[in-house]
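What follows is a group of structures, each given as structure tokens.
Two complexes come next, and they have one chain in common, chain A, joined by chain B in the first and chain C in the second.
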Partner chain A sequence: MYLFKKKHAEIPLKRINSAVDPMQDDEDLYFSAKVEGYWTTIFKRFCRHWYGIAGLIVLAALIFCAIAAPVLTPYEYDKIDFSAAPMGQPQPPSREHLFGTDRLGRDYFTRCLYGGRISLLIGFSAVAIQLLIGIPLGCIAGYYRGIADQLICRFIDFFSCVPSTFLILLVNALLKPSMFNVILVLGVFGWTGYTRFVRSYFLSLREQEFVQAAKAAGLKERTIVFKHILPHTLTPLILSVSMGIGGAILSESGLSYLGLGMQEPIPSWGAMIAGAQEYTNSAPWLSVFPGLMITLTVLSLCFIGEAFRQAIDPRAN
Partner chain B sequence: MSLLEVNKLNIGFQGGDGLMNVVTDLSFDIEEGKAVALVGESGCGKSVTALSIMRLLICPPAHMEAESILFEGKDIQQIPERHMWKLRGNDISMIFQEPMTSLNPVTTIGKQLTETIRQHTGCSKKEALAKAEDMLREVGIPEPKQRLREYPHQMSGGMRQRVMIAMALSCDPKLLIADEPTTALDVTIQDQILELIADACRRRKMALLLITHNMGIVAEAADEVMVMYAGQIVEKASVQEIFDTPMHPYTNGMLRAIPGTAHTGEEFYVIRGRVPSPLFFSKACRFAPRCDHACERCHKEAPQLQDIGGGHYIRCWNPIKGGNANE
Partner chain C sequence: MNSGLKFVIKRLLVMIPLLFAVTLASYLLMTITPGDPMAMYVGQDQLRQMTPTQKEQRREALGLNRPIIVRYFDWLDDILHGTFGTSFKTGQPIEKEIGQRIGITMSLNIITLFLTYLVGIPLGIYCAKHKNGIVDNAVMLYSYVGISLPAFWLSIMAITLFAVKLKWLPGLGLSDLTLKNPTFWQEVWDTIKHLIMPVGLTVITGLGSMARAERNLYLDVINQDYVRTARAKGLPERKVKWGHAYRNVMLPLASEIGGSLAGLIGGSYIIETIFAIPGLGAYSTNAILDRDYPVIMATLLMSSVLVMVGYLVSDILYCVVDPRIRVQ
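Here is the complex of A and B:
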């Protein structure tokens, strides 16, 4: 009972102090509360969904493992050790090698960790480039319409006519295969989806009454586009971004599979699965483990995306 | 000099069958601090008139032409689009019909209010918030501090319209255009909102262009009334004159069609027919086909808006003498 009383006693005390200059203190309280308020609310709402937290933990763990790879494993990713793979036969998971070894005796756990570095980096950066190109173009096409819209749309049409895989292959074959080039190629050829997405939302949103009201209030077009319309597309965009990152990781796998992605001995999840092709029956763990990594990444991203989407939508409860 | 002077405003829409003329040769002016009501049926061109004054009509498909639209002596048409924002929200504000959709659903009330205030005054965030709070208090929203942090969906329709009014008033405009501000609200709230608008105008000496089809609202809030039919002003007079001695058969009919308690048991009076589509506007008097008073001349020649004394204008060949609206 005493504790209870004390807890309540503190509040009036604060009020008395603030009575010296109520307006000033009130204002400060308001502002400090507001700055924090928005993101705290978002975070609280995010935490309401178990899958959001689960996804966040798994993704954080994956990123941590990728970054802390040298500390987490005593092996090196490119150290060939034939004694660990007698007769060039991949070894199954054991105490020394958690995920087993590949045919060159390299520790597969180590390679999975280092592969995460490449794959995650490619996934995130490629999508970042796609968004950087795609969103502004979508805004312009959808909001301003006219000749800009025509040009952008025809350009997207052109991209959709030519299978992008071939374009990517072509460009990547001309460029020297490296991580930077893979990111660039995936980024530069993958933005059309986001543009179309943002554009379609803008087309319907620009006709909405609140846009007209914002114009009537004298807001500048830039403010209307970025502060009033774009936030509406954010909710659905987040989901497609979380899928897109997974997609970029898989595209990199495809490139690596064709030998146009990461080159040996640098591991990436996609390249590792590609390399494990011939051992699907005799050493399935070689494809299962990197596959599991990709699945975990994509799944956790989807979970995070869904939870975040619900958290930022003011109408969802 | 009037605050707003519209001369020969024509608005059309480009359709498949050519240009549909929705508003024809509309001229009127609004004195400083006066409340003018623009009354007419749906589709007679009230809202497009309001939008064209704000230059918010999307052209094309709309097509707008006017001899001049003078605001404080400056022609609005001459202002380049990139400078229009200085006028909108600052000198001329607008309240829309649908409070449900005219606020951005994903942004807080506070952000939307402060954005407008900061855009026009360039003040700090803190000052803008204080101003926004004052405005909310002025329009009668309790706990304004709390409300600033809320989203539109957390408020009722009446509250949202109050927020819209607060936003419109926040930069002390000289002219407020209210486009059917109470149509979407329920009856008990309508009165409060109307009172609020009228009151704010009186206190700030702000001119009001009230667009409505509700004669009750006109009687309550307006000083002067313009009755619009099929894209033309058919009668223009002080509110007293319109209600006491409506001369145009259309105005007269409209007033007679208001259900009252005096004639219980009688059949409702209706103006027969419908508003014609802009494609079929008559070359002569546009109201003649529906008019009970139409004479031969009405079907042949187009009447002009003429002064019949005392600032009472009508567009009619055969006006009703003596005004028998409520007989």
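Here is the complex of A and C:
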């Protein structure tokens, strides 16, 4: 329950010994003995797992590549160059074109890098929208209970029995395919999990003594909800967020594969796989590379999530 | 079983307003989309050939000039009588087309679910017994690889490898149409060959998460007080395991069947489309891509009903395996 009290984490034994050593009767030292903060402890525990570090490094590299794409490659993602693909034949990987070229002579490595921009942007923004809708609704349902809780729960029930893949496909098909619409649809149809999660935490936390104490002290309800209860749900929420971003990236690639997401010439990994489908036999690298990029991105997010789970609850395993 | 029956009836009653909400949502979605709703009843080609007067008469006869809420209840009435209208694309009655496909999707998903449980549960228990061993760690990492692989990409890769390059397995459809006068066993073997890839891929990707969930459950249960009590009073290990531990490990699994089924139905949209399996998933995806509104409405309703039935089945199973639910 004291997760967020800074000076509560493991105090290194050596420091305590020196601090209480009667030979060093120095009050200053006693009170200035450095203790680890909560997040430092979490980070140290996180680093114990190789897959957490690997996930972090890979994700950082992918984000770096996405941002620095124009600097990293001399080509443009939509520059058609028939001299690089004679007879409209995709070229295999070579020194000039690391991942080869597609049938229009566009450098595939460049397209994969720019595809990362699209996927990561959509993944992060869609989850941001989900959180913006999901967390406040979860707070309201869990803290205030009553009719609001009933309404929100019935709404979640409704969403849980309609396959969300269907709704996402359908609404994307009805709207004009664009990045903004994909983000909006993934955000609007994916928040129920977060609401359920926050709500369940609120239900148990609102009965705890520290909330009663806060109430008795006459704090505003807003302060109690946002400063005293909500922070307790955020640490476990990070876990679902990293999984959620991965899920959104997978959904986007599926949508783009079916032609309901990003449109040519914008390079999206899903759309690139769809475009490469007729060449799976003659030019397999065209579908292998974008698929590996998707897997790598989602897997790094999953690994970060798992290492984080172990870090916040070392007894879990 | 009397109070158990009451529980099931209560769950059924909860389903009714949900079903109502789904029908309302799909009807409203259809009416806000562009196009003449009459096309749904007479077919798009015939609609184009009709004169304005004919259209007006027909509209009157079909009752389409009445307020939207009345039309909604009419549509509901039609559905309750088993008519969903005609498909824009094929001009066939939708209920007939759904009837041919729903069995395929259901049996495909049930086979997949069965195989995932069949392999996932023992694997999970093995991992729990050899906690933090090589197999345990491998399964944990593998479960994340399983959920990270995009299903459509994996399917394309598998078709390229096994059907196009190696020619071991057929790539598309459910049966080989070139087979002439096959015997019964030839037909069975043919169907199995067609199922290996779509079912196998779903099982392989879902297996890891299943095993991991089962492992965590088992570790939870085995450390409970009643298991220790059972051991302490001298029950043989076999009885402790089968009578006390496994039974409680199965509990949450029963309640998860509904959720897994919902997930599988969600996944079947893309898998069925890629493998050209004539099921409900491919049918709905194609309807969405063709903007075939009557079919979209009907399939949205049908897949929601399937998911609800899945949840109901898991409620009933939960009631069967956990006597405490019946007492409450």
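The rule is simple: the second predicted complex is superposed on the first by the 228 of 317 C-alpha atoms of A that agree within 3 Å, B and C clash if a C-alpha of one lies under 4 Å from a C-alpha of the other, contacts with A are read in each partner's own complex, and residues count from 1 in each chain.
What we mean here is this: contacts are C-beta pairs under 8 Å (C-beta built on N, C-alpha and C of every residue); 3 or more make two chains touch, one makes a residue touch a chain.
Quantities reported herein were computed from a predicted structural model and do not represent experimental measurements.
Colleague: If you stack the two complexes on chain A, which partner ends up touching A:Pro231: first (chain B), second (chain C), both, or neither?
Modeller: A:Pro231 contacts chain B only, not chain C.
Colleague: Using the superposition on chain A described above, determine whether A:Phe303 touches chain B (first), chain C (second), both, or neither.
Modeller: second
Colleague: Which of the two partners, first being chain B and second being chain C, lies in contact with A:Phe180: first, second, both, or neither?
Modeller: Neither chain B nor chain C is touched by A:Phe180.
Colleague: I'd like to know which partner A:Thr165 touches here: chain B for first, chain C for second, both or neither.
Modeller: second
Colleague: Please work out whether A:Ser253 is in contact with chain B alone, chain C alone, both, or neither, and reply first, second, both or neither.
Modeller: Only chain C; A:Ser253 stays clear of chain B.
Colleague: Which touches a greater number of chain A residues, chain B or chain C?
Modeller: C
Colleague: Now for A:Gln212: first (chain B), second (chain C), both, or neither, which partner does it touch?
Modeller: First partner only, chain B.
Colleague: Scan A:Phe64 for contacts with chain B and chain C and give back first, second, both or neither.
Modeller: Neither partner.
Colleague: Give the list of chain B residues in touch with chain A in this complex.
Modeller: 54, 56, 84-90, 93-94, 96, 98, 101-107, 110, 115-116, 119-120, 126, 129-130, 145, 149, 151, 153, 164, 167-168, 171
Colleague: Quick one: which bits of chain A touch chain B in the complex? Just the residue numbers, please.
Modeller: Spelled out, the residues of chain A in touch with chain B are 27, 30-31, 34, 37, 208-210, 212-220, 223, 227-228, 231-232, 313-315.
Colleague: Report the residues of chain A in contact with chain C in the complex, numbered from low to high.
Modeller: Listed in rising order, the residues are 51, 154, 157-158, 160-166, 169-170, 173-174, 246, 250, 253-254, 257-260, 270, 273, 277, 280-281, 284, 287-288, 290-291, 294-295, 298-299, 302-303, 306, 317.
Colleague: Considering the complex alone, what residue numbers of chain C touch chain A?
Modeller: 17-18, 21-22, 25, 29, 33, 131-132, 140-141, 144-145, 147-154, 156-157, 159-160, 164-165, 262, 265-267, 269-270, 273, 284-285, 288-289, 291, 296, 299-300, 303-304, 307-308, 311
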